[in-house]
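Reviewing the structure listed below.
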Amino acid sequence: MDRRFIPAGVSRCSTAKFLLWLAPWAALLAFGLYSAGLCLVKGLNQTHMNNRFAFGLWIFLDLTVIALGAGAFFTGFLLYILKRKELRAVINSAVVIGLMCYGGAMAVLGVDVGQPLRAWFTFWYPNVHSMLTEVTFCISCYLTVLLIEYVPIVLKNRKLRQIPHFLVFQHELHKLVYVFAGVGTFLSFFHQGSLGGLYGVLRGRPFAFREELGIWPTTFFLFILSAAAVGPSFILLTTWLVQKISGKRLVRPQVLQSLGRISGLLLAAYVLLKTLDTLVWLNRTTPRSGFLPAQYYAWKPFGVWILAVEMALFLVPMVILLTPKLRARAGWLVSSAAMACCGVAVNRFVLTIQTLALPTLSFDRFLQYLPSWQETGTFLAVLAAAVLVYSISFRYFELFPEERELRREPSGRPETAPAMAGK
Amino acid sequence: MISERKPAKICRYGMAVDIDKCTGCGACMIACAVENNVPPGNPDATDLTGITWLRVFKVDNGEEYPRKESVYFPMMCQQCGVETPCYLVCPQQAVDVDPATGIVFQMPERCLGCRYCMAACPYHSRYFNWWDPKWPAGMEKTLNPDVAPRMRGVVEKCNYCHGRWHAARQRAAEAGETEISPGDYVPACVEACPAGAIQFGDLNDPTSAPAIAAKDPESFRLLVKLGTDPKVYYHSKREWARRIGDPSQAPSPKEPSRG
Amino acid sequence: MRNTRRNVLKFIGGAAAGAVLTPVPWRLITDTALLSENWPGVPRPLRGEVSARYTNCSVCNAGCAVRARCVGGQPVSLAGVKGHPLSRGGLCAVGVAAHQLPYCAGRLTQGPVEAAAGVIARAAANCNAATAGTPGAVCNPTESIAVLDLRPGRTASWTYRRAMGAVRNGLYLTAAGPFSGAAVDLSKTHTVLSLGAPVLDGWGTPGNVLATRANFRLIQAEAIESRTASLADLWLRIQPGSASALAMGIAAALKKGSVADGAAATGLTERQITDLAADLTQHGPALVLPGYDCPGAWALNQLTGGWGEAVVARREAPVPEQWKNCAPVTGLESVPDGSIRTLIIDESAPGDYVPWGAIRRKLVADNPVVIAFAWSPDGYRRHALLTVPTAVYPETLEDIPAAIDSPAPVFRLAAPLIAAPAGVVNPPEFVAKAVGIDATNALRERADAIRKAGRGVLITYADGRTRPVAQVTPEDFWKALNEGACWMDTESRRTAPPAMDLPVLDAQPFEHTRMSFAVLAETATAAAAPVSPLMTKLDRESNLRLGRSRAALHPETARSCGTADGRRAMLETALGKCPIEVVVDASVPPGVVQVAASPEVIDICGASARARVAPL
Amino acid sequence: MNFWGKVPILAGVLTSLCAGWVAFPWVLYRSRPQPVEFSHPTHARKAGMLCVDCHAPREDGTYAGVPPLSRCAGCHTANLGPTVAEKKFIADYVKPKREPEWAVYARQPENVWFSHTPHIRIAKLQCEQCHGDQAASPQPRPYQEDRISGYSRDIWGYQVAGGAVPGMKMDDCIACHRQEGLAHSCLDCHK
């Protein structure tokens, strides 16, 4: 019965099937909201964070999803600023993903603070020295931008565009899309950096502290780069996933490959700089602040292996994505994209969790931390919400403009065969 | 809101702690909690979720009996003088450093409980209110009116008994003075220590105990290489104990032991 | 006007735009933030005039001088009084928060007051009636009524003695070991051998110990790495429960006998023991301090030459003559088993907690009557028939017996800083009244007697003055004592305590069995005394002290007991069991269960016992 | 859009403005009359008393709080005047020795450390400078409390819809402290 809302020229599953798909996610969301409610009502004693582990799963989640959500701004940047036209095929999807990542991050932050009623103080009494101020400002601004970018996607809906005002409005908005893309890009670059700075400035935590370039620690720039590098990979990954789950051809394989290639190039740059930074950090920064690099990795389970894994998770996909032959094979392409995403996750994990686990005082001890079910539940709520919103957007809005043409084209063309396998 | 004119007198309050004298009796910790209206621990509180503005640790030289030596080590906020980590990272100016006293102060009413400052503090001397503060029936009568009780979800820390600083200023005003006399402002832990291990004073006043300790070769500070200029000086005649302050020198702890 | 739907929309739009121009949205945002300032449930401290009041801490016999900072009369914080000759401005962790004792969980304020009075009066009457008319006759010994004084040496103790003196077969019992009526003089001591006594952890008068610490070399012979052991000049890690054996060994060494047994039991080398003995004689005056599990070792001081030097006799502060005819002091041990019908236990002032088993033995088998005077629920209340609520420091007006490290007799009052709740009684007066004696004025009479004797000085805290008591009128003397002062005898003549013989102490050889050795970790207070709710700062919110109902085990021991850090477990001994929480601590020797002293634990462990930890 | 088209919009704007500026304050503040109809002028002029006669500071200069009933009872043992207020006061409070529950307009939030001592001893401020000329107020105005934040309107409230409120808000403190060059940090006044 919701046929008239579904975009023309594409096929979607039956309503019943769709609802069946939504149901488990809705349930998960409900559970997550309950957990979050507990944390808000009873206080943060519901979590397993403590005075030493002041940040936990949630901050790790925020940093990771925002890094992955970077796909939104970077694709926009490539499309509207650098005029990579082929990316028009994924931009809408990217916007939705970005919106959910950032929305989720903000929501979780709202639960994470002890006195949410005062959260707006940051805007009223900002401390210009604080990286967190930068983050808060940029993320909230960029979230607004994403919402504005999301509006035309909604208004393009077959039913809604029948209302003349909306049509006009979304047309007007569309003219501004370049402006928003520009603003969004600037904001995102900035807050991705600030998120990196968040830990890079902690001179009290030599494991996270980095040398300053200008007014920002090196992590500022590394985060921008890693986010930009992994963002496209994540778009690639999600698009592929959606194709698999929906069983439809949504974009031409070339699009995914070019995303992969961009990712690869940036990964190369990142790996280079990250290596450089690590060397400086171990040989200059750390000794200066009176610590021995060996001490960082003396504590089980976080041995040197974690550093190796982190680097490997960037290095391997870089190689694959920069090798046209491998890139052309969907399996390699997707798995390397997935690897890159894991890489960024590990990187964020190391900077948040490992930093806090390591002792600073000589007589202090290494700390373990496992999130409580309330924390995990809140985490899952973000995931569930993202899936729900994306599913609905996918069903009713035109997330992949190429989908219509691809339906008309005869499927199973040689070079696309692997990418579309199991359709 | 800072006015152009500098404070008439600039103090840098600091402490000198002789860890050879400390017997780890804990009187300072209790006096601190009493003075600053810190509630008794929630039944579920642990050494990681409790609130102790001042905490005494037991530190040993990593040897086994009979070569094992131990000291008791009082840790309060080290009142970093430069690049104050917590002050720099607080997103909404809930941490303030008083130019007149050098005291680093947490304003619970401004704090939103993001705990970034706790992640930033190398000394772990900041504590979060994980629970609503609760006093046994009747005990709220014993609260100190010079200190405001904190609510759930905010960070708090040692501020050198700032309430006593206010009180001392009032006593000065009573005598028509605008500056407080050195002996008149003494934090609760200093007053309570039966061994006289903790001393307090203005580092700008060369005759004060901390100023003298600062020049003593047997004195040391914690993690001084971080470059935050902590204002608490520890003193010990034992060479191994002096290495506590420098993680690259000190013996790394083995299994966690109490204290 | 047509198409109203559009107009409604316009109206709403306009209203929304207008609202932004009003204070409403902004005010709501700021007010909710301010609401979080006045977070519901956060108490507001009372305001009022700030004043200083003085008293003496009654939490233990140290009786440290206290300055209380009061707001509107209510004490909000306590501190020591600088320059006090004995406490020297020191105050222990428990004393610092003692003004919060009245607010401990389960504080007793109601109880069977009349019933208790009736029972005591009847018991006394029965006993007297049984022998009416027949002079010199004694009534059935099992009819005897007794007071167990956990804190002898007080004026209250005299009141009890008078009360029991007025009753035939009235007994006045103390749990004090063989070493009473004597004191140690640390200022004259150069070597201290502590057999597990918590010398630097609340023993004696903390301020005095710390002040004299520089004078003496401290040798701690103890199984566990207690606070004192870790701070001592020399720590001899002996086998658990072998303190007595060490005492015997040293005695043997001093008598040039064989120290083999001592060495075997303690795990020290014979050489170490002989050296120790030599230390004590050469670097005298030496002092041997027994721990709670080997009180007999006091006698060792007679062999080291410390007797009369480090260990001196202390006379009691003057007492009114008319009090002198009263019940004698009887040691609990010397009472025949099953002979007490009615037992009155006064634990209103914290004292040494006697294991219930040791008391129960003395009671008649068939329904004995035990009346406990207590302010907190976790004491003998668990065993008593009737529990009468009492006041607690700082509500009480009572005197504090001299501390063990105070060679001179002293008299000081714990003057009330806050009013006691309605319905609580003053135990000594209550008992005296029940047997028909008026003791309401006992403290004043005692003070007058001291004043009359005219010896010693009066130290007043408010002005820090010290003046000969002879120059003070009785009125001022009494007034001063109530406003925070201390009378101290100034008599230089040093006498040795009456000789005592070294009891043959049984040396329990220690072997690792599945029954480990329970060792009580004494805390700063008298073992059983409840403490301020704030003590969680020391024993739960930090790991500075071993919390009540917690037991520390070596990792291996914990593993062998099948338990782990933070787990609940059951501590079992021959005498009983009580639940505990396990704390794994590498510094506890293997095969040892280190427990914090609490009534439940003392009841089942006594001085030291074989214990077993079973996971729950 | 013609004029008639704009009418609904204007109506909407107007409604919110009225609601926001007039009705809102009424809703926001819980208003409570003082227990006794006390008249400062009567005491100041008729009885010729000074502020400090009743509001005497302690020796240390701290404010001793609203004078206790005993202070009033000193004179008001029996009716001193024919007024109804007088009768009520004697009957309700003096006779049964019941302390009136005065509401303190100037009660500062818990996190403010305010002492009269320096303001009186050093700054030599007059009462009126902060408290306003109470001697002019014929009868105590009702105590207004913000329903949400729980603060008195005198220390936390804009002068919305009239209501002459003397300057006892943080801004007023800061203004004066700035002027005197005494505003160094939040810690000057906050605890």
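Note that the chains take the letters A, B, C and D in the order they are written out, and that residue 1 is the start of every chain.
The working rule: a contact is a pair of C-beta atoms (placed from the backbone, for glycine too) under 8 Å apart; a residue touches a chain by one contact, two chains touch by 3 or more.
Model, not experiment: these values are computed from the prediction.
Engineer: More contacting C-beta pairs: C-D or A-B?
Structural biologist: A-B is joined by more C-beta pairs in contact.
Engineer: Which chain has its C-alpha centre closest to the mean of all protein C-alpha atoms shown?
Structural biologist: B
Engineer: Can you work out the whole-Å distance between the CA centroids of subunit A and subunit B?
Structural biologist: It comes to 40 Å between the two C-alpha centres.
Engineer: Round to the nearest whole Å and give the separation of the Cα centres of subunit C and subunit D.
Structural biologist: From the centre of subunit C to the centre of subunit D is 52 Å.
Engineer: If you average the Cα atoms of subunit A and of subunit C to get two centres, how far apart are those centres in Å?
Structural biologist: Here the centre of subunit C sits 61 Å away from the centre of subunit A.
Engineer: Give, as an integer number of Å, the spacing between the C-alpha centres of subunit C and subunit B.
Structural biologist: 31
Engineer: So which bits of subunit A are touching at least two other chains?
Structural biologist: In subunit A, the residues touching two or more other chains are 115, 118, 121.
Engineer: Enumerate the residues of subunit D that touch no fewer than two other chains.
Structural biologist: In subunit D, residues 60, 62, 109-111 touch at least two other chains, as defined above.
Engineer: I need the residues of subunit C touching at least two other chains; which ones are they?
Structural biologist: 32, 35-37, 44-45, 47, 50, in rising order.
Engineer: Touching pairs of chains, which are they?
Structural biologist: Taking the chains two at a time, the touching pairs are A-B, A-C, B-C, B-D, C-D.
Engineer: Show which residues of subunit B lie in contact with subunit A when the two form their complex.
Structural biologist: Answer in residue numbers: 42, 44, 46, 48-50, 57, 59, 73, 83, 85, 87-94, 110-116, 118-124, 126-132, 151-155, 222-228, 243-253, 256.
Engineer: Mind pulling up the subunit B residues that touch subunit D in the complex?
Structural biologist: Per the stated touch rule, the residues are 1-5, 7, 96-101, 103, 105, 107-110, 146-149, 162-163, 166, 169-171, 173-174, 176, 178.
Engineer: Per the contact definition, I'd like the list of subunit C residues that touch subunit A in the complex.
Structural biologist: So the residues of subunit C touching subunit A come out as 29, 32-33, 35-36.
Engineer: Spell out the residues on subunit A that touch subunit B in their complex, using ranges where they run on.
Structural biologist: Those in contact with subunit B are residues 43-45, 49-55, 112-116, 118-119, 121-122, 124-127, 129-133, 136, 198, 201-206, 287-292, 295, 298, 355-356, 359-365, 367.
Engineer: Enumerate the contact residues on subunit C facing subunit B in the complex.
Structural biologist: 36-37, 39, 41-48, 50, 71, 74-80, 88-97, 99-100, 102-105, 200-202, 206-207, 210, 225, 227, 230-231, 235, 237, 524, 532-538, 540-546, 552, 555, 583, 585-587
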